[in-house]
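Note that the chains are named A, B and C in the order they appear, and that numbering of residues resets to 1 at the start of each chain.
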């Protein structure tokens, strides 16, 4: 049996259209027609290539019977397998586990020793991760600056306003744990934990911006509800009660930074945060 | 055989003389003839693995092009390119090169976007392929090794995709790295050390982009290439499985020959995958890093979510209650359960599945004839339950969209999902098993044809599903 | 025996199906996700906008007062000093009135209704008159004077201060309590500047101690080019991020390629076809 004469013409047509699409891609590139034109032209080129190949394949399949092949997979006969095992293990030295054992010890020792340079991936010797994570560089007297590096007065913030602050003189990218949120609220709504009344200046409170769940910056401040929302997993913190988590998976409140003012009226820290910042970790 | 085709083929295939010269040196013709005659069974579902394979090929080719322009460095540079809002701004070199690829390199945006779509297709097709293997019992002896290799490739693919979209050092992916860091930190005892090892100190450090780059372009692709080769070699040695039918037995394989029928079909799929990816890359914008902004650890955008193959972990993180359990004096942060234990349990169960299935069915025989999914209602039920579970977690990761569509509060959506994540898999599992059982007892081809009688018959319980 | 015609038909069907699926998908995704976005007035063509609203023709003060007494007084009081239904407008200034009226947030249908954007309830001249009237109730912020801003500087400020609620691409997202930060693609420059200073609703205000007038102009010029100027790679998918992109991958790209596989692979004969 033979396929009718017109059938392969469709295959040839598809391949010609594919070539046309490729030419269109080249033209789009040279003229600079933009992403859509580039994608559609080369995509169409491949699409017509696929169509032509598919048509060709189905023509062949339609004319061919199904083929049958025997599977010969199965376990090797036992005597041949024994011969293999003997050739692999026993020929070099028959039945000497001392020799094989000592070879294994040497290989294992080299493998173990090779792991030691991986220690260099860690920071310099003497760094204790738990100690580093427990503290931030904030200390008493350090001025707060905004993202442009300018110091902040309480009056700079409108009532209900929020700004992100860092310690003066430190590179924020190298000390992410110092990221602080300053929020100006009506002082009468504040119900902070005991002993923190002096941590507020003119209604300005300072909390760590790093969520205690997985460390995302808690960037959303809802003015009318005095709530902070973390966009990653939707933990909600209540600003008035010390950034207590009221919804979502965060288990701990945002640590608070004690605030004061210096001689020029700019905001300064009065110490480090009330608790380690960011997500809890295994040894904490 | 149509007389037309040999003449067409001889016009297309290489001229015999150079190939004869090659054969004089290598002597491949006899083995080649046997290889060309190898039989592959015909079923569309057997091609799902090829979609994954061809997506990988596309990823490597497009990735090479991208790697020629991408700079994996966190050193600050000033951008001077066509994207006006960034001109004169100091950003990391990685970010600047990603924006340059998108705005200043002609064709760069197409390759970047097609590359990202290919990652989606790669992982999605692996999951579909896994479902086909699982539901038809093709993981059974002697194919347990290939199942293990395939699962490992899925894990590697997911990790590499995560590494890949974190490379541009943009605001969205950087926040994802922060969560990755927090999950590492949450591991008891060694967590802080592991996190400091990966990031060279505190988050974000200066090293993570370079390390992810080496993993993404060298380590994982090399591993994947080796595993794919072993996976295919095992497949060729053991020959593909096939469905029961006329003339089909365990001891043979029935289908098309590798060349020309099957080979041309497979090449067509290769071209079709490339076509789909390039069309998507041209027509659908994905991951517009210039819009997200460069990564600043003090800044965040919203919605702040990961791609779908990681989003199920994010969904679990969102639904988990704000508790920290005390275990042996250590307070375990709740990211540990969602980020380490949950994926560990799921992948652990998947790895062990061939042996669990063997014990459940008491079936240690080799199988080359696979069954339709209905042959094992248990597997259908478990697959339905798992997919329903993943679907709920993905919805949890898409809460922003749900809230914006329905107007409900985040809290109420969260509460509903917290219930659904337990209830829906149970319902789906039992429903899936019921449908499969009903189909198995009936003579019908499709589930939509099931009537009352078949459904009642399907309720009759059996202790063990029939072995093949 | 099989003839080429059924095969040809199969491919025509495949091609048509792929085209329909693809087109439908692209159109659906580009038409917007049907989220509740406020329809604000179309953006001004240039960012340089001068301050005060132009006086309405003839007796503007009276027209403004008349409309105020008719529509606003029952919540805000006949002298604007507020009632239990609505806050005092004394001292809110022309900026507040201009923002709330032009974005359609005011007037509310009832005191309990949600404050959200929509079509403005009045014509531009009536709004001008109302704005003048409310401004006359007490000294308050005037409508901001915008100058030509620097989008690069504005981008940095936008990402630092605005992206967390309005999304880096300006597509808007949820905040607490069922509220949303709206998308900024169709918001007029004037209203962006007013909102920054006022902090309407759940939005925090940014006073001049925090953002100078130059900063505000810069932010406005960056916001002006959000939306379609950022969309160079095809359909924007609302510039929403991985949620919609993942949906496109799983419900558009994957089914398309699976459909192609189905058309390519010959079916194994089912049990019914046994001879």
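As a working rule, contacts are C-beta pairs under 8 Å (C-beta built on N, C-alpha and C of every residue); 3 or more make two chains touch, one makes a residue touch a chain.
Remember, predicted model here, so these are calculated numbers, not experimental data.
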| item | value |
| --- | --- |
| Of B-C and A-C, whichever chain pair has more C-beta contact pairs | B-C |
| Chain located farthest away, centre of chain B as origin (C-alpha) | C |
| Mean-CA-position distance for chain B and chain A (Å) | 18 |
| Between chain B and chain C, centroid-to-centroid distance (C-alpha), Å | 35 |
| Between chain C and chain A, distance of the C-alpha-averaged centres to the nearest whole Å | 29 |
| Contacts with two or more other chains, residues of chain C listed in rising order | 160, 163-165, 173, 176-177, 232-234, 260, 263-264, 266 |
| Two or more partner chains touched - positions in chain A | 1, 3, 35-36, 39, 50-51, 54, 57-59, 61, 147, 164, 217, 219-220, 231, 247 |
| Chain B residues counted as touching two or more neighbouring chains | 42, 109, 113, 256, 265, 268-269, 272, 276, 279-283, 296, 298-303, 399, 410 |
| Residue ranges of chain C touching chain B (in the complex, touch as defined) | 22, 26, 29, 33-36, 151-152, 154-156, 159-160, 163-165, 167-169, 173-174, 176-178, 180, 222, 225-226, 230-237, 239-246, 248-250, 253-254, 256-258, 260-275 |
| Interfacial residue positions of chain A with respect to chain B in the complex | 1-3, 5, 8, 29, 32, 35-40, 42-47, 49-54, 56-61, 63-64, 66-71, 73-74, 118, 121-123, 127, 129-130, 132-133, 147, 164, 166, 172-173, 176-177, 179, 209, 213-220, 231-235, 245, 247-251, 278-284 |
| Parts of chain B lying in touch with chain A, wherever the complex brings them together | 1-5, 8, 37-39, 42, 106-107, 109-110, 113-114, 142, 175, 178-179, 181-183, 185-193, 195-198, 200-204, 211, 237-239, 247, 250-257, 260-262, 264-265, 267-272, 274-276, 278-283, 296-304, 314, 317-324, 330-336, 366, 368, 399, 410-411, 414 |
| Footprint of chain C on chain B - complex, ascending | 41-48, 50-51, 84-89, 102-103, 109, 113, 117, 120-121, 124-125, 128, 171-172, 242-246, 256, 265, 268-269, 272-273, 276, 279-288, 290-293, 296, 298-303, 305-308, 311, 394, 397-401, 403-405, 407-410, 443, 445 |
| Parts of chain C lying in touch with chain A, wherever the complex brings them together | 1-4, 7-8, 10-11, 15, 160, 163-165, 173, 175-177, 179, 199, 201-207, 209-210, 232-234, 260, 263-264, 266 |
